[in-house]
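Below are two complexes that have chain A in common, paired first with chain B and then with chain C.
And then the complex of A and B:
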């Protein structure tokens, strides 16, 4: 074999790699918050009794899901140049709106999965419609969708690698930089693969646990 | 809850399996690239398709450019056919090392650091770095870059040179030339730095942009071969020198850059 691996390159670029890793985590976590916010709103709107809310939610979900993520990122970064948003926030916007549509669908399916009798029983027992949602429907719906949401979050971490094209110096971007400097393509990309594996595993486990202890278990006390 | 405990046991096991697979991904190759080329009667060359005028797609949807013409001459000298494989920054080294291409002529600047991964031919083109700005820009040279955003392709020698030459500039690195160019056109960046001739290639397709700041830094381009492929590298070196002495190099250079070559190719005595 004419190629000898030089894993030392990862150590020499440890600062860049750690910086990229931190930015990947920051980008994923902030986008996750954004996606949850947008998605919960849109998911609830999709189940709303008001027609206009359902139309807006459906339009958003269709547009956001049917446009490739790469295009989302280019639109925010290059299309809306006048906004002069920093690349990181363009990445957050693109990822949040894209993943938010998936969150919306998950939330909607969760709401639909709660038996209609639960809502009726809540209303019959004298709770206001708002209280029924807050104390009866949402806790059960979130419990149903918790695993899907955790899956979506790990997807989001992987998707965040696309932000490298709009010059966000996250993990994939750093691998490209190492590759360019040293031509050590194998080492750079295998190195970040391991880091992604660690990040996705850690975050999806953490999300599952948080969801379970904060939402599922309290809900089971009812 | 059993679902998640089973899963968390699976994850480390999967990770180990994955790493094992990566270990098995040891690149394989023929013993001697030159023999392989002659045996299959074909030279497989990696070239760029997004870097005018070195390697790009023309209006007939064919890959053309300076690099392409150079490898065409190498194939001709070897009396074999030529197959062009489009490469990008993340693929050129893996394709070369794994034996999918015999050599890479992908506008690569020869650096000592990069010699750790592959071997290079003698310099077949010496580039210089410059700046591309909108025609109405106040930027006239390196001294005006303070606080300005400069787009550049990441992981290039250009990026490092600019950081040294204009430390006050805000460097915005992009994964490829095309997005860096888009960033300038969309006003995301105030200037775009790159190889002088590459910038000229981009400036030709869009009026309203001009090259300023003269030429700074030297970018010696080399053709990449696998470590230890000295037979092929010798042939490439010899062909490059013959192209220079025969005047064919000048023709190709004039065709793509419209100016006389300013840096000669070193030529070694035949014996």
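And then the complex of A and C:
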């Protein structure tokens, strides 16, 4: 082995790396919002009393989950070129609709995990069905699924690296650019690996804490 | 939509689909064996082995698959003085990646077997190794079926990422056809349908095995 390391390359390209990191975070956060929106709708529809809503939700979940994320991205980027969407938004749409199916499954399992007695007790004590959902079912479901949602978010951050393939200049894309400039392949990819590790660890911890302190605990107060 | 572009290139696309399926089978087998070993190492008595396994699992689980493939294909060769072909790099990367996830499923599968089971095994005269192999593992594996098949379906989808480093499996081949014919919609529809069929079939196998062998507690 006669490879001499030059870790200084990471410092020289710090601005490019930070820019890529920021775009990775932006892409992941916007896609998470999209995935939560789609997933909560589909998850609630899967538990609906209307048959057509259940059928549509099940079809969406099965199709979105069983097609690779890369194909989702290409559908928006290569397939629907008539929409003339910027690459970033192709990434957001692909990631949101792909991850939304997983959110739907998480939401559904959370709603199922709340004992039926809770709902009955709420109704019996005079709450309206909507109030029962809002004050009794959702808070408990959210507490049950908080760890899964945090896991999903870290998965999303990692998945967002595939957006580099459709030319979104996020972190992985930047590493490729640095490599092209300097041939410092090892340093560039290990450098971004560390950044991903930091982002995934920090964000999953943060999500867990925010979910607990902002949503679950206030809802459990009187 | 005009699907004649798919029909014209069908032999090429079918060959690429076959490559996707054989690659998936290869990395499922390799990833499961590596993952089980890693999962056992993760719960090993020796703290050095346990620590190394934990470090590896933590590192891989925080890294995107694409980056793992780039490291194996581009970054390692100058260090180890050996270049892998794109296909070899993809297979090594997939196995190294999924093993870390399977290891955690194996671990939680083993932990889900009640302690009384191993105690009963020991009390009836089995050695620790025998108790693990004959009592704990068979039950753990039956409990792991859904989690394992989730990873297998993920892996089947992940094989599409090999196209990024130049492997002409199904996704790579479809993009190559599109570069020549420029008919993205029918080609992408075919691509999605092919993956859907394969992944859905694999998950049905998982559900069937689970119905047949699951332990009801």
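Rule of thumb we're sticking to: the second predicted complex is superposed on the first by the 219 of 222 C-alpha atoms of A that agree within 3 Å, B and C clash if a C-alpha of one lies under 4 Å from a C-alpha of the other, contacts with A are read in each partner's own complex, and residues count from 1 in each chain.
The criterion applied here is as follows: a residue touches a chain if its C-beta (ideal position, glycine included) is under 8 Å from a C-beta of that chain, and two chains touch if they have at least 3 such contacts.
All values reported here derive from a predicted model rather than from experimental measurement.
Enquirer: Chain B versus chain C on the shared chain A, clash or fit?
Expert: The answer is clash.
Enquirer: In the superposed arrangement, which partner chain does A:62 touch: chain B (first), chain C (second), both, or neither?
Expert: second
Enquirer: Is A:75 touching the first partner chain B, the second partner chain C, both, or neither of them?
Expert: In the superposition, A:75 touches chain C alone.
Enquirer: Would you check which partner chain A:3 touches, where first means chain B only, second means chain C only, and both and neither mean what they say?
Expert: A:3 sits against chain B and chain C alike.
Enquirer: In the superposed arrangement, which partner chain does A:162 touch: chain B (first), chain C (second), both, or neither?
Expert: Second partner only.
Enquirer: I'd like to know which partner A:173 touches here: chain B for first, chain C for second, both or neither.
Expert: first
Enquirer: I'd like to know which partner A:189 touches here: chain B for first, chain C for second, both or neither.
Expert: both
Enquirer: Which partner chains sit in contact with A:201 here, chain B, chain C, both or neither? Use first/second/both/neither.
Expert: After superposing on A, A:201 lies in contact with both chain B and chain C.
Enquirer: So, A:181: does it touch chain B (first), chain C (second), both, or neither?
Expert: A:181 contacts chain B only, not chain C.
Enquirer: After superposing on chain A, which stretch of chain C overlaps chain B: 3-11, 39-47, 75-83 or 201-209?
Expert: 75-83
Enquirer: Touching chain B in one complex and chain C in the other: list those residues of chain A.
Expert: In the superposed arrangement, which is not itself an observed complex, chain A uses residues 1-3, 78, 81, 164-165, 176, 179, 185-186, 189-190, 193, 197, 201 for both chain B and chain C.
Enquirer: Which chain B residues qualify as touching chain A in the complex?
Expert: 4, 8, 11, 15, 18-19, 22, 25-29, 89-94, 97, 113-114, 116-118, 153-156, 159, 172-175, 179, 182-183, 186-188, 226-229
Enquirer: Quick check: in the complex, which residue numbers of chain C touch chain A?
Expert: 59, 62-67, 70-71, 74-76, 78-81, 153, 157-161, 163-164, 171, 175, 178, 184-185, 188, 191-192, 195-196, 199-200, 203
Enquirer: So in the complex, the part of chain A that touches chain B is made up of which residues?
Expert: 1-4, 6, 77-78, 81, 87, 164-167, 169, 173, 176-186, 189-190, 193-194, 197, 201, 205, 208
Enquirer: Okay, in this complex, where on chain A does chain C touch?
Expert: For this pair, the touching residues of chain A are 1-3, 62-63, 65-71, 74-75, 78-79, 81, 154, 158-162, 164-165, 172, 175-176, 179, 185-186, 188-190, 192-193, 196-197, 200-201.
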